[in-house]
Each structure stands twice: as C-alpha cells, then as structure tokens.
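To start, I am sharing the structure in question, which I have written as structure tokens.
The first chain written gets the first letter, and so on, giving A, B, C, D, E, F, G and H; residue counts start at 1 in each chain.
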Amino acid sequence: MNDNDTIKAVLNEIRDGRLDVDTGLEKLRDLPYQDIGHTKIDHHRKLRNGFPEVIYGEGKTPEQVSEIFKHMQELNNVLATRVSADMATYVKSCNPDVIYNSLGRTLTYTGNKISYGKGKVGIITAGTSDLGVAEEAKVTCEMLGSKAFVISDVGVAGIHRLFDRMDQIREATVLIIIAGMEGALSSVIGGLVHQPIIAVPTSVGYGANFSGLSALLGMLTSCASGVTVVNIDNGFGAACAACKIAKLID
Amino acid sequence: MNDNDTIKAVLNEIRDGRLDVDTGLEKLRDLPYQDIGHTKIDHHRKLRNGFPEVIYGEGKTPEQVSEIFKHMQELNNVLATRVSADMATYVKSCNPDVIYNSLGRTLTYTGNKISYGKGKVGIITAGTSDLGVAEEAKVTCEMLGSKAFVISDVGVAGIHRLFDRMDQIREATVLIIIAGMEGALSSVIGGLVHQPIIAVPTSVGYGANFSGLSALLGMLTSCASGVTVVNIDNGFGAACAACKIAKLID
Amino acid sequence: MNDNDTIKAVLNEIRDGRLDVDTGLEKLRDLPYQDIGHTKIDHHRKLRNGFPEVIYGEGKTPEQVSEIFKHMQELNNVLATRVSADMATYVKSCNPDVIYNSLGRTLTYTGNKISYGKGKVGIITAGTSDLGVAEEAKVTCEMLGSKAFVISDVGVAGIHRLFDRMDQIREATVLIIIAGMEGALSSVIGGLVHQPIIAVPTSVGYGANFSGLSALLGMLTSCASGVTVVNIDNGFGAACAACKIAKLID
Amino acid sequence: MNDNDTIKAVLNEIRDGRLDVDTGLEKLRDLPYQDIGHTKIDHHRKLRNGFPEVIYGEGKTPEQVSEIFKHMQELNNVLATRVSADMATYVKSCNPDVIYNSLGRTLTYTGNKISYGKGKVGIITAGTSDLGVAEEAKVTCEMLGSKAFVISDVGVAGIHRLFDRMDQIREATVLIIIAGMEGALSSVIGGLVHQPIIAVPTSVGYGANFSGLSALLGMLTSCASGVTVVNIDNGFGAACAACKIAKLID
Amino acid sequence: MNDNDTIKAVLNEIRDGRLDVDTGLEKLRDLPYQDIGHTKIDHHRKLRNGFPEVIYGEGKTPEQVSEIFKHMQELNNVLATRVSADMATYVKSCNPDVIYNSLGRTLTYTGNKISYGKGKVGIITAGTSDLGVAEEAKVTCEMLGSKAFVISDVGVAGIHRLFDRMDQIREATVLIIIAGMEGALSSVIGGLVHQPIIAVPTSVGYGANFSGLSALLGMLTSCASGVTVVNIDNGFGAACAACKIAKLID
Amino acid sequence: MNDNDTIKAVLNEIRDGRLDVDTGLEKLRDLPYQDIGHTKIDHHRKLRNGFPEVIYGEGKTPEQVSEIFKHMQELNNVLATRVSADMATYVKSCNPDVIYNSLGRTLTYTGNKISYGKGKVGIITAGTSDLGVAEEAKVTCEMLGSKAFVISDVGVAGIHRLFDRMDQIREATVLIIIAGMEGALSSVIGGLVHQPIIAVPTSVGYGANFSGLSALLGMLTSCASGVTVVNIDNGFGAACAACKIAKLID
Amino acid sequence: MNDNDTIKAVLNEIRDGRLDVDTGLEKLRDLPYQDIGHTKIDHHRKLRNGFPEVIYGEGKTPEQVSEIFKHMQELNNVLATRVSADMATYVKSCNPDVIYNSLGRTLTYTGNKISYGKGKVGIITAGTSDLGVAEEAKVTCEMLGSKAFVISDVGVAGIHRLFDRMDQIREATVLIIIAGMEGALSSVIGGLVHQPIIAVPTSVGYGANFSGLSALLGMLTSCASGVTVVNIDNGFGAACAACKIAKLID
Amino acid sequence: MNDNDTIKAVLNEIRDGRLDVDTGLEKLRDLPYQDIGHTKIDHHRKLRNGFPEVIYGEGKTPEQVSEIFKHMQELNNVLATRVSADMATYVKSCNPDVIYNSLGRTLTYTGNKISYGKGKVGIITAGTSDLGVAEEAKVTCEMLGSKAFVISDVGVAGIHRLFDRMDQIREATVLIIIAGMEGALSSVIGGLVHQPIIAVPTSVGYGANFSGLSALLGMLTSCASGVTVVNIDNGFGAACAACKIAKLID
C-alpha cells in the first residue's frame, strides 16, 4: 500500500464519517516515525522509498547509536555504517545480537530472515586498499536483499587481470566499480559491458589525489557513457543505488 | 552474440583449420570499427556495451561531424550532441535527412525504426533554465530505445508544485533529476520514491555556483541514499545510464 | 546613550570650559575597553553594536580565557565559545560559578539576570549530528536575551518529518537552519515560510563535502530567495544575527 | 489565510459532504500556481513565504520572459532581474508598461500601488563599481514594499568617508553592505552599529579576487559577530532578506 | 663545446695574457644572446640545454613575433607555438618562407636541413578532439630532430581499438599520451609497455573537467608507475621532453 | 600637518570659543573629500597615506572616469589604471591634456611638475609578455615621484641573461619582480641581492597556471626570505609599495 | 619473449592441434599473476612494462604486506614503499632478510643479485627537508637496476651552491629534481642542462604551499621546456620513469 | 666587499700569475658555504643578501638542527624558527647557550652583540590568537638588527581600539600587520598611514577561513594601495622584509 493510497483511504474515512478531522490529521502524522528525543526513527521509510532507515555512525555517540539500534531492532533488521571499533564494542555490550564487520566498519542486526531478489550486484575494486569500501557495499547490499560478490585488485595498470574476470563480471545485474587514484577502472569496464555501472571514487592515494578528488573528477568525466558516480568512499550509497536497480528484474 | 563468443568462434575455426592464424587476427580486428582517418567509428560498440557510438560535437569541425555522420548512417541511426546551430546547418546541407533540436542541441538521423522497451524514463527539472539539459536527455533516451517524459519547473522553493506531480513521477521506471544552484531536488525526491535516481547538476546560476560546482557537490553529498550523479550539464550521460537501467525490465 | 551623543557631550563640556582638552581625549579613550595586557576587553561594545564581547576559546590558553573571564564577569554576564573540555575544567577551577555545556562547547557566567525580549528564535537541524552547532546557537541566543527552541532531525530526505513540525516552526520570529551535506533544508523551509532565515552549513559529512564546502555553496546558491548564510559550523554567529533581528519587534 | 487553514477547510468541506474527494484533491492542486507550459507561475507564493515569484532573466529567452510577464502582470506587480538590454527591449515591445533599469538590470511592472512598511533598508557600497548590485537591491526592496536608500563609495581605505555617514546609516532598520575585493566594509560597520547586517560580496576586482571569492570568504569569516552573507553579486537575495526583516517592525 | 669549457678557455686566455680582463667579461656576456629591445634572443640555448629558443606566441603582438623571427632565422631554424591565424598571416606577409600549421597552431622556418636522430616519438591521443595538441607535439619533435608518428582516437572506452595498435606503439622509443576527460589512457598504456611515457592532459571536456584539471589530476595519480606529466594542453613541452629522451639512443 | 594635529586644533578652537560645536563637526567633515554624486573624491588622501587617490578604470563607465578626472585635475596630477583603449579615447575627447599609455593601459594628467625623490625603483620582468604589467608599474612610480627603470626578459630558464644585468639591478633602492608561470625569478634574485623585493605574479601562461595562481603561490612560498607579494597583475599596487619604501631614503 | 609472441605461439599450437581451446585459454590466464586472495601478484609485469610489481604500503595491514612479501620474494627481489616503522618491524619479524630504510620509508629484499645498467640517475634536492623523498627515489632506482647519486640542499635562494655542483650534475643520464615551496629548482636546472628532467614537488612548506600544490603548479608551468612532473612526494614514481629512460642507453 | 668585486679580484690575480686557474676555481667555490653532509651552511649569505642563513626547524630532526646550530654559532648569532618544544629541549641539552621562545617557537643564540639600526618595526595584530606569529616576527627583527614593538588585539570589529593607538603606530618606520579571518586590518591601517605595510595572513579561524585562505585573499585584494603580503603565518618572512626596508634609513 503506497502513501497516496493511505491518504486517499483517510480522506474516504472522513467523508464517510468513520473518522473525525483531528484524528485524521493525527493518523497521517503518527504512522511514519517514532520520536526518541534526539532522533526521529523513520520506520515508514521502507514503504516510501524502498529501504529501511540506516544509522550513520560518524558524529553520533555510542550511546545514541545503541539506543537507536534498540528501538529499530524491535521492528526490522538494522544496519549501521561508519562504526568505529570502540563504538561497536559499546553497542555489542548492550545489544549482544549485533555483528561487527571491522573491514567494512558496519554493525548489523539480522533477527528477521532476509529474502533475496533475483538480481546480483557485482562489486569490483582496483586495488587491495579499496577493500574496506567494497565490504561496506557488500554488507549493505545483503541487508537490502540483494546478493553481491566482490572481485578485487583488477586495476587498469595490469589490465589482463581484469580481462580474465570479464565472464564473471558480465553475470552481474548491475556493477559497482571502486577505485582511487585516477579512477580509470570505471571507464575501461564501462566500454566493455552493457550493465548499469555505479562508480565509487576512494580516497586511496596521496598528493594530487587531494583526498579522492582526482578519482571523483576522473569518474565524473569518464569517457564511457552511462557511468554514474556517488560520493568519495561511499560504498553504502552505491549499494543503495545498485539494489534499487537490481530489484527491477524481480 | 557477445564478444567472448566471437573470440571462441574464431579460435574454434582456427582449430578446425577452417581459418588461418593471420586471417583470424584480421577478423578480430576488422569487425569492431571502421577507420576514416581522423576517427575510428565503433560500429561494434552496440554489441559490447549496449549502445551505438555517439558523436560529441564540441571540439570537432563541421566537416568532421558531417563525414562521421555519413559513415555511421549507412548502418545505424545516429545521434550527435553538443551541436551548435552553425554546425547543424552545415551537416544538414550535406545530410538532408538529419533533424536538429535547437533546445537540446542534438542532431539525429532516424532512418531505421526504433523499437522501444517497456521501461519509461522520467526527467524532472528544477527550473525553466534547466530545460536544455532535459531535452538532450530526452532525445538521447528515445534514440537509445526508451520512452521518456519531462516534468519541468518543480524546484524545492515551491515544493507543492512537486507534490502535485508525484503520481506521474511514480510511474517512471527510473528518474533523471536535473537541477542547478544547490541541487536539492534530488534529495527531496530521493526521500519520496523507490526508483533509481540519476542526478544531473547544471551550471545554471552564478557566483558561489562556480559553474555548477555547488549543485555537483550538493548532489554527491545528498542525504537521500542511493542518488547517483553524472557530470555537470551531462543530460546525455544521464540518459545512457537511465536507458541501461530501464532495459532491465524487458 | 549612543556614541555620537557621548562625543557631542564631551565637545560641549570642552566648550563650556568644564573639561580641558587632554582630559577630553582621555575620557573618550578610557570608557570603551580595559587593557589586561594580551587582550583589550571591550566593555563598551554593548552600547556600540548591541552585544557584549564574547570570548572565542580556540587558539587561546586556558589561563588567558580564565583571566578574561575574571575581568569581564565583574561587570557583565559572560559567554565563551569553542571551549574544549580541558579548558572548561581549568576555568571552572578558578571561576567556580561558570557553567560548561559540553555538547555546545560553551562556558557561561550568568550572575546577572537576563531580561528576555518578545522575539523567539527557532533553531532547526537536518540531522542528529548537527546538534552541537544548534546547542551553541541556543546558548548564545539565551545569553543575548532571546528565547530559543530547537527542532532536530527533520532533514529533507524524510520530508514528512519536517511538515509535521511546520506549525511550531511558523511561531518563531526568525529561523536558524542548520544542515550539513547538501544543505537543502534551508531551501525547502525558505519556500514554505515568511520569516527571516539564517542558514548555518555544518562540516558534517565526508568526501565531496570537503569540510562543509558543499553545504556552504548549496546554501549560498539556494533557490529560495532571502536565505542568508554564516560561516561553516558558526552557531554563535547565526545566533548573534538572529537576536539582532528578533529584537526589532520589542 | 495560511496553507494549513486552507487544507483544514477543505477537509471540513469533505467531512460535511459539501465536497467530494476528487474535487477536494483538485482544489488543493489548482490554487497555488498556473501552468503555462515551460513554467509554473506561483501566484500563491506570496501567501506562503511573503513575496511574489520573481523572474530570473538569465538563461531564459526574451520570449519566455515576455510570456511570463504577461501572465503575472494580470494579478500582481512583477519584477524581473538579470535582464540584458536586448531582452528588455524585446519585453518592452510586447509589454509597453514595463520599466527597465539599466544599471540594476531590472525590469518592473508596477500597475498596482505598492504600500510601504515602516522599516527602512540602508544599502551601503564600498566603491563606485558596486553600484549595479546596489541598484538591483534597491529596486527589489521597493517592489517588495520597503523604502530603501543608497550610500556609495565609503570603503575602508578612506574610513573617514564612512564615519561621516554613520548618522544616516544608523537610521536604517536593517543594512545591506555591498563590497568587492577583501569585503572588509561589513566587518567595520558590523563593529559600529546594532542593526542586522546582510553582506553582499561582489565580483569587482581581479586576480586573487577569483570572481568574488575573496570578498565572499572575507565576509563569511568576518570578525564582527552577526554578519550574514548572500551569494556573490546577489543584490536581489539580500533585498529579499532585508525586507523580511524590515517587515517585522510593522 | 659546453659552457664549462668556454669559461675555462676564457680563463686560460686571461692567464696567458692573450685576453684582458674586461674583454674577458665582455666575451662571456656577448655570446649567449642578442638583445633586440623587448626580447633577448637566446642563440646560445642550444649549447646549454640541447634546444634552440622557441617563440611562445600568446601574449605577444604579431609585430614582436615577426621581428624575433627575422633575427632568429638568420642563424637557425625557428619554431613558434600558440600562433593564431591572424598572427600567422601577419608574420607570413613579412617572412614569406615560414609555414603555418593551423591545426597545431605552429609557425616554422626550416631553411636549414634538419638531421634526424634514430629515436622515434610515438604520439597517442584518446580522441579526435585532442588532435590539435598532438599536432603541436609532432611539429615540435620534427623541428628538434626526432621523427614522430601520431595514432589518434584510441581512448579507453573502446579499448580494442588500442590493443589493435599495440605493435606500432611498441616501436616508439618514447611515448606521448594525450587525453582529456579522466586521462585514463596513460594508465592503461603505462601498464602494457616498457617505454618512457609523457602524459599530456587536455582541456577537452566540460563541467567537472574544470578546464583540464580532471585529466591533470588523473595522470598525476596514475596507478601505472613511471608516467610523467606536463602542463594541460602542452604538446610543445611534452615534445621537448620526448626528444631529450629519444636522443639518448644516438 | 597630520590628521591628529588638525583634530587637536579644532578642539582647541572650540575650547577657546573661537568655533562653535556644529561648525567644528562640519570642519572635520569638509576637508577630506568632495562628493560628486556617484563618487567621493578623496583629495585629503595624500596627507593621510602619502599618495593621491587613483582612478581604477575597470567597472566604471567612460563618462564616470571623465568626470572624476575633471574634478581631480583641478587640484592634482591624476592617474587612472586599467583603462581600455575605448575609454581612453572618450576621456581624451573631453580632457585633451591627458596621455594614454596603451601598453600599460594608464591614463595620466601631469599639469603640475612632479618632484622626484632620491630612491630608484628597479622593475624586472621574466618575459616579454610581462611588459604590460611592468609599464603600469613604471608609470605609477613616476606619477608618485620615484624614478624607475625596466629590465625585461631575464627569466630563470636562461639565467645568464639575469647575471649579466646584476650590476644594474643592484643600483635600485627597491625591486619589483614581475613573472608569470612558476614565478621563480623572485626567489633567484631574492637570494642574490639585499634590497627589499616586491613580487608581482602575472596571469601569463595557461593550463595549470590557473590565471596566475601558480605564480602567486610560488612567490608566496618563495624560499628566499623577505620577498613580499601583491595581487596577480597588480603593477600599480607594487609601484605604490615600492614608492613608499623608496621615499624612506629622502 | 613479449606478450604478442606468447599469444601468437598459443594460437599456433591450437592450429597445429597441439593444444585444445580450453587449455589455450587457461594458459593465457595462468602465467601472468598469482592470486593470494586479497591481492593478485603480478609476476608477469616485468615482461610487460619492464619492472616488477612494487608493494605500496599505505592502506595495507602489516599482515597483508608480510604475506605479499613472502610470495614475491620466492621469485624476485622485492620493494615496498611508504612503510611505517611499525609495519617494518612486523614484516622483519616474519621475513628477517628484509632491510628497512627509515628515511626513505622503504623495505627491500635483495636475495638476487641486481645487474646495473650503464645509465646513472642524478637526484637533486632543494633543501634538507626533501631528503626523505630523495632516499625513496634512490632506493627505487637501485632496486630497478640503475645507479643513482644524491646532491642535496642546493636550492635557488643560494644559487652558487648549485653552480658549484653543475659538473657532477652534468654527468647523470637523467635527472630527478626534488623541491618544495615554489619548486623553482627544476626551472633553473632545466635552463642549464640538456638531460631529461623529472621534477618531484614535495609537500615541504606551510600556508600557501597547500600541501605541495604550490610546487606542483610551479613545476607544471615551468618556463624551462621539457621538464616533466610526477605526483607530490612521489620519489618512487620519479625513479621508475628515470630508470626507464636510463635504460635506453644500454 | 660584494660578490662582483671578489670575482674581479680573482680574475686579476689569475692575470697577474699570482693564482693558477684551478686554485682560482677552488677559491670561488670555497668561500660561500660549509658542507656538513646533509646541509650546506651558507655563511656567505650575509654578504650577498644582507642576512645570515636561518634554520627552518620543521621537517628537520632535532639532531640535524643541533648540529647546524653548532657549526653556525662559531661564526654568527643564530636563529631557528618553527621549533617545537621537544626539539628545543634537545638542542638546549647540547647547546646550553641557546634561548627558546615558546610563544614564537624560536630558538636563538646571541653570543655576539647585535648592533641596531635607526629604523623601528611596528607589529600590529588583530587578535590575541595572532600573538604567536607576532612574536616570531619580533624575535626575527631583533636578530636581524632592527628594534620592534608589538600592539595586539586592535582588530576592526572594535575600531576605536585601533584609533587609540594610531600615534604609536605612526612612529614606526615600517609596519607588519598580522590578522586572520577576513584580514581587514591591513586595509584599514593602509588607508590611514603613509608607511610601507607588510601584511601577514594567519590561519586563525575555521570553516570558510580554509586554513588562512580567506585572510590571504583578502589581503592580496586589499582596497588600500601598496599593501604587500607574505605567506600565511609567516612572521619570519615579514620580519625579513621589514628589516630590509627599515635599514634603508641608516
């Protein structure tokens, strides 16, 4: 049932006298989220844009994250990203069922069975140093109900390593390409395959890399048509976009 | 028939003695493109990444564009982007069947019937000034075989205009959101719908807009998960990405 | 009594022989501030631009801050901003009456009763991570004699949370909108209300956020007319501006 | 009558059976704006955020501007900004009652009497070259119903010129300070007066000015508390903000 | 004869009484260049760093360029770069033996036979639009005594076009790789060959290309070891470096 | 007679009853400048900071410049900078005694004899293309009463040209070093001489020059101690600083 | 035996029936690298581009580096760069034969005898603080089979120190010039010698150095023709390029 | 005796047979500096550009600094800047006569009496937080033989504090103005005095200050003619320039 139907239903109830105006207003307001003081948990988001709200760990205290977790895990599986080891330790001490992935820096609760769609997300990295971002993307995909696989260290400076994996790459419904430095991998793959491609620039590098700017600009100006880009190091956002796309084939 | 199969077929022919090694090499080399001196036309690209090569008009002479057109239109429909009015006049004088779209600055030849897929691309603009980019995207979608519609002037400073069109927006398979200035439209729509979203920052604005930088950074850091971004003013690239996604449902 | 009157009064006294020239010069010089060696405390500022001088903690030593506090609190309430926990501990050990707000990182002395004006400052944040800046703004407003309230976590990616609070938002005399990432919240609210809006970009985010640059540029190029902007993370400055505005209705 | 009341009224009519659901939906949709194809004119905006919609001339064709003018001037006074001399000539040829201000590059229709509030906007410029921006601000203020005056060429390199005008400056309800180069004028005035100050950086200068960046950064980091800033050369936006503030005293 | 020998010879002559001190000073001063008022022509440069001085046309008047040409062509072949069509017409009217290359924007005088070394410079471009820079490089190489060939339009988005030319590419002594947009071509070739590579970023592109910045940063952070970079669009500089390298094998 | 004395004198007159308070205020106000509507001419500036006001031509209309000229030349010699050829023609048509320097883009009126100080300003340029900036500096020096000489085209890529002129360079009281590209000339000369050095970065160059940024940053980070820098292409500002220094030896 | 020959040989074997198609595919795939899970070691690279793969330490864990080392040192000498002291200690504890260079931050294993070519790489630094980068370059050269020598602290602010070493500098086959701040050293040397020059900007400096940007831009815009540039602080990359060049004379 | 004379003397000795050529070369080489391995100490610099070499502490090891100190203090007074407390402790343990200034972060040895010139350097800071830079400037001035005084905390937001000190400011021969944030202080003072002004931007501030960029750009584009600028936080460089100027009056 989508939002529009909900509103129409409420209007119908009011017309039919089954609902008074003030309760109608209340109803529209109450459903979407739950206010726990510092944060408004948006249980309704799944209905609205297809995904549950996800906790962004950076800039929050361990106590805040733990409390949000507690409220959310009553209703849903829960995902938190950008979680430091210290924050993870604290949250686990209060919520023993959560699992910490130290490479991807994610914290997950999966008390409810995830049902996977038919689409498959292929995650490709240019170098070993990009694996943290790839892991964040992979965990996110799985929490959002899409299978995912990772192929790492196939950067363009040794392009035969990439060609060797093209068969596997071509099996994915949608691709996430993760690369730092000049970010050329997305251009090369973009010229070889027909799937949608989401490129993630990483901050791997130094000097003229300017914290990921070189890869970001490189991917945005890619000579391969149809490559889209997310923020630097944003494995999570790439996974969200990839899953929305992968679900189209269900 | 994909590339891998082609290569395997050639290897098989060689094994069976039906093909000598040098002709085998030639064969692999000849198919993909046609060399017309200054440019290598890539007829093969459609097989490889799903789309025919497209002519990027800027930085080319009218003569070059006209010649590429002539070679390509023997085999395919043809699309050229970033075509100035003067260049269009010249090309039309040599290739009378081409059509110029002055708002989107595209030049097209559609001698072959386009067969459209089931997916539909929704193109949304924040302001009237973004219409040129929207038009480039729309023409590109249609040339690539996806139906597209444009909803314009629904920027966030008058958000009820947007809400009024949400039903129509929700009918698209994939959305292209085009906005200049702070680029906020993609965040707001991203929070309201479940479709894949491709955001196009435009250079509309002045001062701290820095030729599109403000919208670009705004879209890349969007608080709505799963928004992906293409280069500033790149309606063509957004359309390529959108069509790849839209074709998944066929 | 404003500056001009003071000067005229001194000129009059000199004319009438009630004051000699050198004493006149001295008089004009002595009133405004008090020199404590490394710093010139500007007691006069309140007369001149409506607010007492405020201590900016960063780049000062705990000893300097403590000394300035001591001198200022003889005459006025005192506010220090950007105070680290360590600095606060030191200053409290010497000046036991001060209060430390760890979220907003402010240190205050309020020995004198604050008389509040009729205006009310509404402080709105996009996310939980923006609360520190909001708290700095709130404490500053109260020290400057304006009531303030905070509404947090109503960012545009879940826009119904914002709409739900519009009634309360419309009660404010002036609004401070605090947001990181793309800073879109000020554009959306700017299109919905008629109050003056001061936008504060925050450094919350990563990658293409470039330490607050994305939100700063987004707010400066806001498509909503009449949004003004202060420095990144500058809750204090926004509060000063808001209070100047709020006092107009007294 | 504000938006909330309108919606409540519609809900009440539906409850009472005086209105069916579909007409109710239609009603909410019809009021706010008028669709003329390429543009949605937002007649409703005045109710929502206190000002009528204004036409931004840049990036529009003279024909589009003329058409929007025609539709809007049936109901309201109309203001267009960033209008080139050529565009003005065209619009005047179709709409003879409009007035072009070549310094401020504004086009106005004032068929309806403007009723002015009590507040007064003081517009101060550092140099003669900033006068275009000042003029845009002044015309905008007057169209929005606030009296305004301009004091020009009182930059800080000859600070006695400024001091000489302080009496007049202190009479304004709110100040707009316009300066290029290092933008120091807002800091100096900010230390001398108690009114709200809106600073407009201009692109006047060369070299390290970087098209207004030096003044923009200077004003954002002003050592005078409570200075707020709008986009480079944005006299219009500053005037909108100033008028919202000036109307508080009515 | 290098500089050191010249100086030593002069010292020896002084010691032997064959030269007085003042004439010695004069001698050292006179050889290297010829002063024609606005410009000091550096005939000596060839001895010092292996190449004759070259005229940089931009920012000079046609008259200045023509005059420098006249003085230099008495002794040497002459090369001018960044010469506009208008400037070329003027110079040719005074110096009929010069040749203008409109694509590469070079003006040359080759009255003296050029003797070519054994090395060969391979110039590779990613797209048709990079040909102007390639032509500037090719003309420069030939003027400096190195044979050069151009392979164009083999960008990474259609990587089989590149692989098809690898045999020819491997025949060069040193490679100049010219690419705009993300500049990925130098990384891919850098991973496939063992020759020295000089990468030239071009300003071909728009938006996030930022006038060549994306290619520049991409090439500087190339994941292929040993790629060196010159300024944006600097075909001349790349050719100078390539010729210095190519001459090592003579 | 300096400002302080003037103020004290006025105070004394008031004390003695020789002046009433209002006339006193008037007196202080009247002397310094003359208001001609759009511009306040600052005749008093010479007393205050040693130089007459100078007209900055860019962003002013020919009519404005001509009018300012007329008012100023009644009392003083006059200098205008950044004057285009068209503006010069207009001003000369109204003020026939002015002289236009097309290379330096200055307009001067020298009806009063200039008396020169003992100091001498040496102006050194790296290349022929920097001569325009050098000429602006030279004219400014002479208008401000300092003799100046120009040595051009002695950039560091042919360092013997520089060494040859060191004797002449060492005769100056203060040096202005003008260079584009990497701006290295100021570092090299800074290591060889003991005079004060003012470096002027120029916008000569392209690509990574970023309109003078490379020379600006290079000069600011010069490894030679004691080099100071002015804005890009600011020959005028460098001359002002140089003349202030040169006058110290009088 | 180069790649092309290998592929032709495989094709020949297939034609002759000595090899079946699947084994042929396998063969091409197996040779080049060895997959150790997180990383694909590229033993084949030496054949392809003349150098063995090198380990980039930053962003890898000590465990990963140690494991890669173990696999690579069975077949080759091994070089790792950007190795912190802690990482070095760990790797040495597992691989006792490795040697750590703390100034250059390199880790090397040289179990196999290195055979040096005839070319010599001259490494010149502007200041003492650039020595770390110089050391990284020197170690890399030696691992890649080129002799190298370092001349330090000959920056342009004391240019006689440089001139004193010119004889030694002229003996090198190719030069690496390392400088921070304004990076002028490469321009000065570029004007004095005829060898190929690779410039390395360093992040030595502060303020307007912007982490090496000033030197980077300075070197890219060098007025000496034929200077090429690598990334900031990239001693390793400069050495790779220098060795490729030095080997040309063998 | 200057460099030129020295060279001429050597040439004369060779002519007269009193010196053989090789010894002559040696002689020119030996005087200027002393090579202690990692660093070349430039004892000769005082003759060449008026000041002894100064040690820049950052990026050097305590051992290196201590060793350089030891060698230099045999002949001269010594100054080291950017010395951390730890480095100072180490150097003092080896060289007990050195003095550490913790605010200015300088280390000095003054075994030889300094003889002061007649000029006086006035150092003015905008805020208390700029005092570290001021102290570095003051110590440097004194080491270079110029008296200096500091006036602090007279920023433009409380401009009467500045006016109160104008008499003292006008006594200086040359002024160093130190300010962070918008750097407006140099413009205001530049409009009030006739002395040469050297402006030092500081990194004091946050957000849009971008580590001193706002003050740097502000000072470079100052509307007061004749202000020159040094690198961010570069109190040392400003002092060098100021002393060169101050010495002109001796």
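General observations
By our rule, a contact is a pair of C-beta atoms (placed from the backbone, for glycine too) under 8 Å apart; a residue touches a chain by one contact, two chains touch by 3 or more.
Just so it is clear, the structure is predicted and the values come from calculations on it, not from any experiment.
The minimal number of chain-to-chain contact steps leading from chain B to chain H is 2. The minimum number of touch steps linking chain D to chain G comes to 2.
For the pair chain E and chain F, the fraction of shared interface numbers is less than half, so the two copies use mostly different residues to meet. Using the mean of the Cα atoms as each chain's centre, the chain most removed from chain C is E. Compared with chain B, the chain whose C-alpha mean position is the greatest distance off is H.
Chain F and chain H have Cα centroids separated by 26 Å. Averaged C-alpha coordinates put the centre of chain F at 49 Å from the centre of chain G. As a whole-number value, the distance joining the C-alpha centres of chain A and chain G reads 38 Å. Along chain B, residues 45, 48, 127, 158, 190-192, 207-209, 216, 220-221, 224-225, 231-232 each make contact with two or more other chains. Residues of chain D that touch chain F in their complex: 128-129, 131, 152-154, 158, 160-161, 164, 204, 206-209. Of all residues in chain H, only 2-4, 45, 48-51, 54, 166-167, 170, 173, 190-198, 216, 220-221, 224-231, 236-238, 240-241, 243-245, 248-249 touch chain F in the complex they form.
Residues of chain A touching chain E in their complex: 126-127, 155-159, 180-184, 187-188, 190-192, 205, 207-210, 213-225. Across the complex, chain F is touched by residues 29, 32-33, 38-40, 42, 44-45, 48, 53, 56, 58-60, 64, 201, 203, 211-212, 216, 231-234 of chain E.
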